[in-house]
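Below you'll find the structures, each written out as structure tokens.
You will see chain A twice below: alongside chain B first, and alongside chain C after that.
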Partner chain A sequence: MALRQTELRPLGKPVGRKEDPRLIRGKGRYVDDIMLPNMLHLCVVRSPYAHARIRRIDASAALAAPGVKLVLTGEDLAKMNLAWMPTLAGDRQMVLATEKVLFQYQEVAAVVAETRAQAEDAAQLIEVDYEPLPVVVDPFYALSPEAPILRDDKEKKSNLIFHWEAGDREETEAIFREAPVVVKQDVRFPRVHPSPLEPCGCVADYDTARSKLTFYVTSQAPHAHRTVLALVSGLPEHQIHVISPDVGGGFGNKVPVYPGYVCAIVASLKLGVPVKWIETRTENIASTHFARDYHMTAEIAAREDGKVLALRVKTVADHGAFDGAADPSKFPAGLFSIVTGSYDFKAAFVEVDGVHTNKPPGGVAYRCSFRVTEAAYLIERVMDVLARRLGMDPAELRMRNFIRKEQFPYRSPTGWVYDSGDYEKTLTLALERIGYEELRREQAERRARGEFMGIGISTFTEIVGAGPSHTFDILGLKMFDSAQIRVHPTGKVIARLGVRHQGQGHETTFAQIIAEELGLTVDDVLIEEGDTDTAPYGLGTYASRSTPTAGGAAALCARRIRQKARKIAAHLLEVGEDDVVWDGTAFSVQGLPGRSVTMKDVAFAAYTNVPEGLEPGLEASYYYDPPNLTFPNGAYIAVVDIDKGTGAVKVRRFLAVDDCGTVINPMIVEGQVHGGLTEGFAIAFMQDIPYDADGNCLAPNWMDYLVPTALDTPHWETDRTVTPSPHHPIGAKGVGESPNVGSPAAFVNAVVDALSPLGVEHIDMPIYPWKVWSILRAHGVTE
Partner chain B sequence: MKIAVKVNGRLYESDVEPRTLLAYYLRETLNLTGTHIGCDTTSCGACTVLLDGEAVKSCTVLAVQANGREVMTVEGLEQNGQLHPVQKAFWEAHALQCGYCTPGMLMASYALLQDNPAPTEAEIREALSGNICRCTGYVNIVKAVQLAARELSGEGQEALQEVEAHGASSN
Partner chain C sequence: MRTYQGEFTIEKPRSQVWAFVTNPHQMGPCIPDLIELNVESENRFRTLVKVGIGPIRGKFDLTSELTVEEPGRSASLSIRGGGMGSGVDMKAAMELSDTDGGTLLKWRCDTVISGPIASLGGRLIDGEARKITEKVFANLKTALLSAPDEEALAAEGDASAADEAAAAEAEEGTTAVKDV
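The block that comes next holds the complex of A and B.
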């Protein structure tokens, strides 16, 4: 059954997941599973218009409807100073609209009733008198002088949110002036939505007798949410208890605070009973934070032999009505300046304009650490454009330009210091494993027969693990993470962490780290997360930060325990501390292999027989502030065949070679890669949230916003290289997002490669069959 | 309306509003919260249960339609404290991550294996195409169903060893 949980030295082994037994029994405890006595249900009333003035809201019929206990409007919230709340990007967002609405599906009122059905019925009875206003959907138009200013609450003179630059403009310009080869490409990364299978929701339970709010919520960052709630509501932080129970996927969507949460809390405060709000799928897609929507132009200056010299990037980012981008404060466009990727550019200059439009607020770091997906996609796409221009093989071009392994730590021209990597090794392994040369030969043969087969490569560098706190914060909260370990007398351990997983398997991997450090088994260690009353403060799980931050905290916290344990061991072994050695499973006396005590012996002694002067007990906490980020990398190769009749792209093979440093649990790493590839595949071929000219969301459900099924999804092949991070306590780098960050470019490069005989240089995602079909027909290909 | 439904072998008699969906009836009236709800368009399959042995999306069936019939939910898979082979296989093959789709996946897989004890990969993918998983990428789900099929047909030990060997040497 559960594989090898009782083994010592579990690090690096495919230990079966400890979280699974409850989940496969249907005994997970997700927010919607929480049913409390007297609990009421909240339903949000949303705007049908993307931009409209609100003349009047009449809730009288709703208030008279069966079961209704409360109706909230923006005016009610304004009286409590809660009509607006801060977004993670330091913008402000309406909780319930007052005066006007700025996007379709914006929250306008909330109804609380005895049952969800009653709340929904009553919501229909709320009459809102709207006066439609001109709608801005195109971010380029939004920047033009004739566009209406959307955010008059901010007294802004334009729809520009920020202009942000990185790199050296002058040096870059100078290189471009002299460069023998320059390529330029416009690339759009469509607006997509993370869409975890479990929608967002909460249960707010205010206990008037104890003045304590217990708040169950689908949260990736419970501590940060507690602090934000305290700041917004004025309730003291220690009287807010945030519990993030099992979370059914997050992918960045469960990082922000949503208006429904605030409404449920207000309703519970007012009514003194628990109030549940669970959004529908449509609400999830059409109103909670989206991701991407980057309009990018990149230019590469290069020599004729393919050596790249400089990179210049200009970007317009559509952030919707409120800037909700989940980004560290110092980086308004997130870590987008990682856009030089795996290549050794002499110079780079990157600029980003963030823009308001009449669309839902965003964007979140959807299975990516803050705009890295956009950056990796762009550079990997444009490197292929350069290869084609030079008539070079794209693998060869990459090999020629990689940052070489002896260059690490490597400072990029936009200021990042990459920790470690061996890019050549990763790509070499990928090329060998896929049989690259053979595939190219096959491709030539097929081309000669008029068939369209493509091979796409993406060799990307991720940047994950936010902190460190000297440069990273969210809303001023410094980014580090934490662990607290308590060893009980019998050697059983409870460890609590400041992160909160949503399927990543923390209960197993962190147990592996701690068991490894303490010489125990995975079964000996219980991991708890997501309860702010018990877990130490942390910034949560997103942006592949858990292993780089909390994983480091777990290891260092365990080492702190080991330090104390050594003292107790010396006492038990009746030798000086310096004579005690730790071999990974027990303490023994140097030179006397027969005399040893295990961590279990020490644990018991810590409560029964401590040396004089030593504090009893065996527990520790550690707040780990990493010195730097970590930089996983990968080499991905996609092989596709295009059906000339339909334009359908068949992904024949896909190989992902990842290097995420030390691997804690290979089975979980592989699972994370599979999942990320599937989401990357969806982005490349299926997903986009389009808006019509009136700002209507055209894909607010899973019939129009396509998520891949078992039938659509290719079979994934994986492999890896291991280049440990030199600064992480166990050398681990984080992997969850790499496949989502790295794969879109491999897919698109493969399709463009397939169509390159027709002169195609670029196709924007998503690559729907009709797009390919149109290209084929436009070039006279008729089957 | 009064209904009588046998769920996981036990008879329940309840009074429900005619518009109550089976998924909500199971979750809220019977407190069987293993059946999940992920969408409002019958797209995701998180709510899949068996109705008289046939896999249905319980968000699209009215509770009253289950009157006089038998329902099996994920809570009914385990027998006498023993996990069903399909549950074990999901665990062993790492076919779940957040676990939200899992009850629906398990029920759809169970139904498939009832009809077709030795499905091909294509048949498995087809049978599960009404169930969305946002986490796993399906490769391991398919593997789990294959493993469960072999276990049910008595090849269990061998299949388990193969998975273990794969797990240990994968990559």
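The block that comes next holds the complex of A and C.
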């Protein structure tokens, strides 16, 4: 416990995580740990076909099986008006399939039995008579006129979900017509899965006597889930109690409402006992929401000296059978329009087509603010293509095109207002720390010897803190966030927040913010989240929004407490309120340094000795609607060596320099960066969810969908610059996603750089050794 | 879709081979790991077979239907069904022709597999499918060769005697090629 922090002014210090003693010792309490009397278990029956008509479902054998209490089909749900439910993108999704299935592993029926094993055995006995239909897996084919229309329930008879544009088409076209240099590149960001360690699950417990539903669920957004459940089920919202206990990782995967949740609730309502549903790993990968799956084409118009002028982007986004993408409703392609990145483009035009295919629905913000990862990857890849075309060093090209620090607040050609940044400083630090000049010299020497060494740079701008209510909502719910602080008489604090962490260290981070604002220690503050009966309404934790939104709410709520505390302090100090000063640890009298009272003194007085006319007690709540998003940035450099014999890529060094504004806890920031880099590494080199022509998911397990272990993971070097956000109460910007957003491009740029002597301009992720080996062999480098 | 195909020669006259392969009572038992055979009509039979591919293990309930295209020469067999949440849809075609000292049997099988078998056992399917088809024809060959020439049609066709060793021996000449 060497890192235990008890001093005052804890902000910016590496305070040991308050949640770790519980989580590391296996004392966390997850949904699957919940055992209730008479609890039954639910198992979902899933479609083996990607596209098929359901002719008949015969559940009689399953109903007769040992321990079985209930079998639910789409027809049962239809009677309760629950066969369909809304998705996050405002589409509708089948809870249990009726008439036809649209993707493999789609939910077709649910079996409830006394034990999980009985439910699974009985699920095998359900006979479903399918008539296979033609399968559409390619989104480009889905857009062609000969493709079968997948969604006959929709009014518009087409597989096109939406066409979305941002920027100025005419201005962009005009620049492209005149531009001396134009580069173009097709880039694919594969379909990947967040794969949290704990899959999704729930326990639905409907109390018939009190008409109250208690719903334990692996949720990143318990309040939003409660509202959606109320809208779907017809139960009044105050009779739904959502509890999100410890959650073993979310990464966007635990934001949506899944059919299994609805089935468990219906089963509990019908049977009057608790019903548990916990996914298997295969169900998690093959049916819950995926991420990415963007087919992108970018063109840059530039001058011969490297100055970029305009950007043109065309994208096809595969959203699967239902549009379940987690994007604010104003942005069908999320924040993809930040694709101009860190560079000062005069003009840009971005278009995205969302398409239905016979694949699972989704498109979650996997450690990414709604499609920023795709955007950052694209621009960083294509900037390298431009550098190569011009014969220019990629670092130099970036330096020439950065938005200058005096240009902030900067309005991008697609309409975003970047709050602050100093991109040159971040990249300069990265280049110095990695020894860039020296590495390039080494590379030239190795190339002369026929070796393949690559250096990849990615200088990205993130856009996080989804919140400003004028532009952001999910299903119409505005994305502010909230905090409620109560100071007890002894000066101990309980603070409740509307977000819900899944391992990010909120219990420590928010305690630091509140302790800092109130002049208390981190140990004085207890943070509670995830219980809708006690926490104030909030939109949850994803898209790196916790610190920018709930962190702002916590700071402002604490300041509200301090305002009242000042009145009480003035009373205790027997001076006028205007004479009281706060020095960060105590209240004192202006010009009289000897006399002071601490927050603890004030807290006691709040319950024992308040001035006349002042309400007793010391508590406040704050709903923070941020004025703008925050824009963290970073400069990442990867150094790789390629084994000529096997095509294996070894990441020799990786340096991440992040600028996430004010740092609350450097240790937690570093941990977030390590985790995000490891995920970015996995995406660049290992992960993809492929489908065969029949729509079979070919990687629905951790044998085929790889998750890096400590042995696979490179050593990470980190550093930072600090450019506080000018509009955030404490200047923090958020960091959780940056490493996942910024790193794939650095890895791929490094591999392409290594292979550039062979004329290679681009390789699509994941960069499996066989891909590299095939290139080497095609060029006669290896046999 | 996966396609497997191959050919082999049997030292028996074409008429006898034809009679055998178009008789469900005789063909059915050639299926390896057969648990149950129900002949519903002369060209339709149901089988319950034991399947194990990678992590998936269980029973498949398959309905097979025989269509004669050119008597004595070509026929096709459609097999549909599934189990353990997986589906199988196969179209097998056989063509017989006379060859030196016997009959040449050419076969081709288009297979669509869906569900966990395809997605979890994906990497193992080709090997497993080859093993199964090889066994089917090995059993068939053994059964045919052991049947008395004259009473071929009347034979019970009990191929259970076709043990692994005999199967392995008869294997040569069978090839399985994946097209797609």
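The working rule: the second predicted complex is superposed on the first by the 780 of 783 C-alpha atoms of A that agree within 3 Å, B and C clash if a C-alpha of one lies under 4 Å from a C-alpha of the other, contacts with A are read in each partner's own complex, and residues count from 1 in each chain.
The working rule: contacts are C-beta pairs under 8 Å (C-beta built on N, C-alpha and C of every residue); 3 or more make two chains touch, one makes a residue touch a chain.
For clarity, every value in this text was computed on a predicted model and none was experimentally measured.
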- Have a look at chain B and chain C on chain A after the superposition and call it: clash or fit. fit
- Have a look and say if chain B or chain C is in touch with more residues of chain A. B
- Name the contact category of A:N701: first (chain B only), second (chain C only), both, or neither. both
- Contacts of A:R17 with chain B and chain C, given as first, second, both or neither: first
- Query: Draw lines from the C-alpha centre of chain A to the C-alpha centres of chain B and chain C: what angle do they form, to the nearest 10°?
  - Reply: 70
- Message: Let me test your reading of the model: by the given contact rule, A:T280 touches which partner, first (chain B), second (chain C), both or neither?
- Response: first
- Task: Would you sort A:P132 into first (chain B), second (chain C), both or neither based on which partner it touches?
- Result: second
- Report for A:G671: first if it touches chain B alone, second if chain C alone, otherwise both or neither. first
- Query: Counting only touches as set out at the top, which of chain B and chain C does A:D692 meet: first, second, both, neither?
  - Reply: second
- For A:L197, is the partner it touches chain B (first), chain C (second), both, or none of the two (neither)? first
- Once the structures are superposed on A, label A:Q124 by its partner contacts, choosing first (chain B), second (chain C), both or neither. second
- Once the shared chain is lined up, is A:P48 touching chain B (first), chain C (second), both, or neither of them? second
- Task: Taking the superposition as given, tell me the minimum C-alpha spacing from chain B to chain C, whole angstrom.
- Result: 8
- Taking the contacts chain A makes with chain B in one complex and with chain C in the other, which residues are shared? 282, 701
- Query: Which of the residues in chain C come into contact with chain A in the complex?
  - Reply: 1, 58, 82-87, 89, 112-116, 118-120, 122-123, 180
- Message: Which residues of chain B touch chain A once you look at their complex with the stated criterion?
- Response: 17, 19, 27-28, 31-41, 43-44, 46, 73-75, 77-78, 83, 87-88, 90-92, 94, 96-103, 106, 124-126, 128-142, 164, 167-168, 170-171
- Note on the structure: Seen from chain A, its contact residues with chain C in the complex are 45-50, 104, 123-124, 130, 132, 282, 286, 692-701, 704
- Item | Complex contact set, residues of chain A against chain B | 1-3, 13-14, 16-17, 19-21, 23-30, 32-33, 35, 117, 195-199, 246-249, 251, 280-282, 502-505, 666-672, 674-679, 701-703, 707, 709-711, 713, 715-716, 718-720
